[in-house]
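So, here's a batch of structures to check.
In what comes next, chain A is part of two complexes: it sits with chain B in the first one and with chain C in the second one.
Entry: the complex of A and B
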């Protein structure tokens, strides 16, 4: 992968927005990888939590936005609990989701959620799924 | 003793057995779970971004209503517990957010409620020793894996129910019921949670890891405090059975096991609703 670095992406509006919404300072992460090590879904992510943070530190908005990582994060908080710097990758990934959802762009189409799931699943799964995937 | 109780939407519907088994157990232990007069869904997810105050209004309304009935509220679902306890802390400690939330829900709530999980009621208000004394049908020899999942424990500084990396509250309860708790590596790992909506493959993998981790350590049943964990662990077994494995591992709410041990009538525990029946396991052990 080729990444173009420049002042404009290191201090981009997008990175500032992520920091504002998540309340996290991206520079605090020193890339130890404990978060990815503890993350149960990193195996399925295009980029694990450590890489997402690195890409954001480098201002790589497009790469991060295209990655499936934010939609796979289950919010289990293992990343945060094991981070020696107190950084919450969970909050950063939630900020990424929020940026999409707050524009009214849904990740899941409600119409396509299968009926048996809506009928049988615990309410909490449906309520939580809507909050994470639907604007 | 009456303890104000927040059932939450799931225990009122698909996880009815979790609710009824807890209510009956409470009576057998000498106290009563008293439903809050007024309650609404907590929202099922604590908003992770601190700028999302809107997501705190529903749980804050629950807390504010609960405070009118006493200084404590208890709940059974790990997620309800997580959302209510964390929201309560925000209202208590963050004056600015408190003002916004109160303005929105038209209440004057100050965060002075004590949110406790039913497990904490058993440990701290009743005492596991007294639970043990009340056991009529010791679950001798049943090897049970205590599955904590995420929401009961994390983040530690907000939840504080037990050590976040090596909790024992569940195992301690199981021991008082006569079970043999089985320690297994994935007991605090996630089951896949809300990915059940739209991403079953990941849930099957994560829940599958929990199941095989427990099975490999000799567990015959798994015990949980979260209806979504229960659902994911059951459904994943069904999906795995269509492929390679066939585990048939009963997944019980801890209150169902508690009810059994206290001598509750099996019909009132909601055991029929579980996909994999625990009764053959009990029978096999002569319990």
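Entry: the complex of A and C
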């Protein structure tokens, strides 16, 4: 992948916002990859948690926003538990979700979810699903 | 031994049997559970990111009620445990926050001074009640029953707020199974997530994850599983057929609630344990080993 780097990427408002919402300092990550190694969903992500943090360190807002990673994070906190620097990738992905949802950009359209599925799915799954994917 | 009992939402609705069997088991063991009739939802992390202070206040309200009762809280839900432990930790570490929260609680005539402990049924059995005492109560040892322990996430992580068991190599479930006379089958998936959070967004990946957890338990020689979390139970039990279809293999892996395997060893019947409420029938896993 080819990316363009510039001052405006490295110190962008977007990256600052991520740091403020998550309370994590992106520079703390030294890319050991323990997070992605432990992540139970990284195989299905466009970019694993390590790559997401690296892309954010490099200010690649568009790439990160387009990736499915933030929607797939299950919040199991394995990444945080294994990080030698105490960085929580789960919090960073949560911050990404918050930024997107607060703009009113839903990830799931409630109308398009098939009714039989809604009827049979556990109600706890529905509540946490709509919290996570709908603004 | 007395606790303020907080079952959580899942165990009052979809996994009712976890709640009722816990009460029955505790009655036999002599653990007194007092219902917190006026308690509210812990927030389950659903509002933490929307309004942090509100989520902490909601939890503080639960603690204040327990404090009024003069008791520590025992829950059977891993997510409630994690949310409450985290809130409790912050309230204890930041006196300013506690003061602010108390100002809100005052309006409802409540006050939290920061002295309530939050514990899970598994921790209660392992530590406060004690495994030796539990062993003495066993009437029908779970002989030859090959049980794969499954912890899930929120009873272990984040360990700085929970800290009872090792987040990577936990052993409390294994020890409990052995105390009950069963064979614990440690498996590599026991601390990995079941995928509950993403059932809605991508059922395909969630079902994959469920299949993986079931396969790991089966490969380790497990004939059934036990989980301390009602949400993991919902996923592993109710989506098992989907996982079988997707991975083209038969699991036939009944998943027990923690209270059910304890009750089984205490000599409770299948009806008393409400095993009929499970989708994957656990009866075969029991009758083949214990007899009746």
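Throughout what follows, the second predicted complex is superposed on the first by the 135 of 135 C-alpha atoms of A that agree within 3 Å, B and C clash if a C-alpha of one lies under 4 Å from a C-alpha of the other, contacts with A are read in each partner's own complex, and residues count from 1 in each chain.
Operating definition for what follows: a contact is a pair of C-beta atoms (placed from the backbone, for glycine too) under 8 Å apart; a residue touches a chain by one contact, two chains touch by 3 or more.
For clarity, every value in this text was computed on a predicted model and none was experimentally measured.
*Asks:* Following the overlay on chain A, give me a clash-or-fit verdict for chain B and chain C.
*Replies:* With chain A aligned, chain B runs into chain C, so clash.
*Asks:* Is A:23 contacted by the first partner chain B, the second partner chain C, both or neither?
*Replies:* first
*Asks:* Looking at A:77, would you say it contacts chain B, chain C, both, or neither? Reply first, second, both or neither.
*Replies:* Both partners.
*Asks:* By the touch definition at the top of the document, which applies to A:126: first (chain B), second (chain C), both, or neither?
*Replies:* A:126 sits against chain B and chain C alike.
*Asks:* Please indicate which partner A:94 is in contact with in the superposed arrangement: first for chain B, second for chain C, both, or neither.
*Replies:* both
*Asks:* Of the partners chain B and chain C, which touch A:44 in the superposed model: first, second, both, neither?
*Replies:* Both partners, chain B and chain C.
*Asks:* Can you list the residues of chain A that meet both chain B and chain C?
*Replies:* On chain A, the overlap between the chain B and chain C contacts is residues 21, 40-41, 44, 72, 74-78, 80-81, 94, 98, 108, 113, 117, 121-129, 131-133.
*Asks:* Can you tell me which positions in chain B touch chain A when the two form their complex?
*Replies:* 8-10, 13-15, 41, 43-45, 47-52, 55, 77, 79-80, 150, 154-156, 164-165, 189-190, 192-199, 202, 205-206, 209, 227-228, 230-231
*Asks:* Of all residues in chain A, which touch chain C in the complex?
*Replies:* 21, 40-41, 44, 71-78, 80-82, 94, 98, 107-108, 113, 117, 121-133
*Asks:* Can you list the residues on chain C that touch chain A in the complex?
*Replies:* 9-10, 13-14, 44-46, 49, 153-154, 156-159, 167-168, 191-193, 195-203, 205, 208-209, 212, 231, 234, 238
*Asks:* What part of chain A is in contact with chain B in the complex they form?
*Replies:* Going through chain A, the ones touching chain B are 20-23, 40-41, 43-44, 72, 74-78, 80-81, 88, 90-91, 94-95, 98, 108, 113, 117, 120-129, 131-133.
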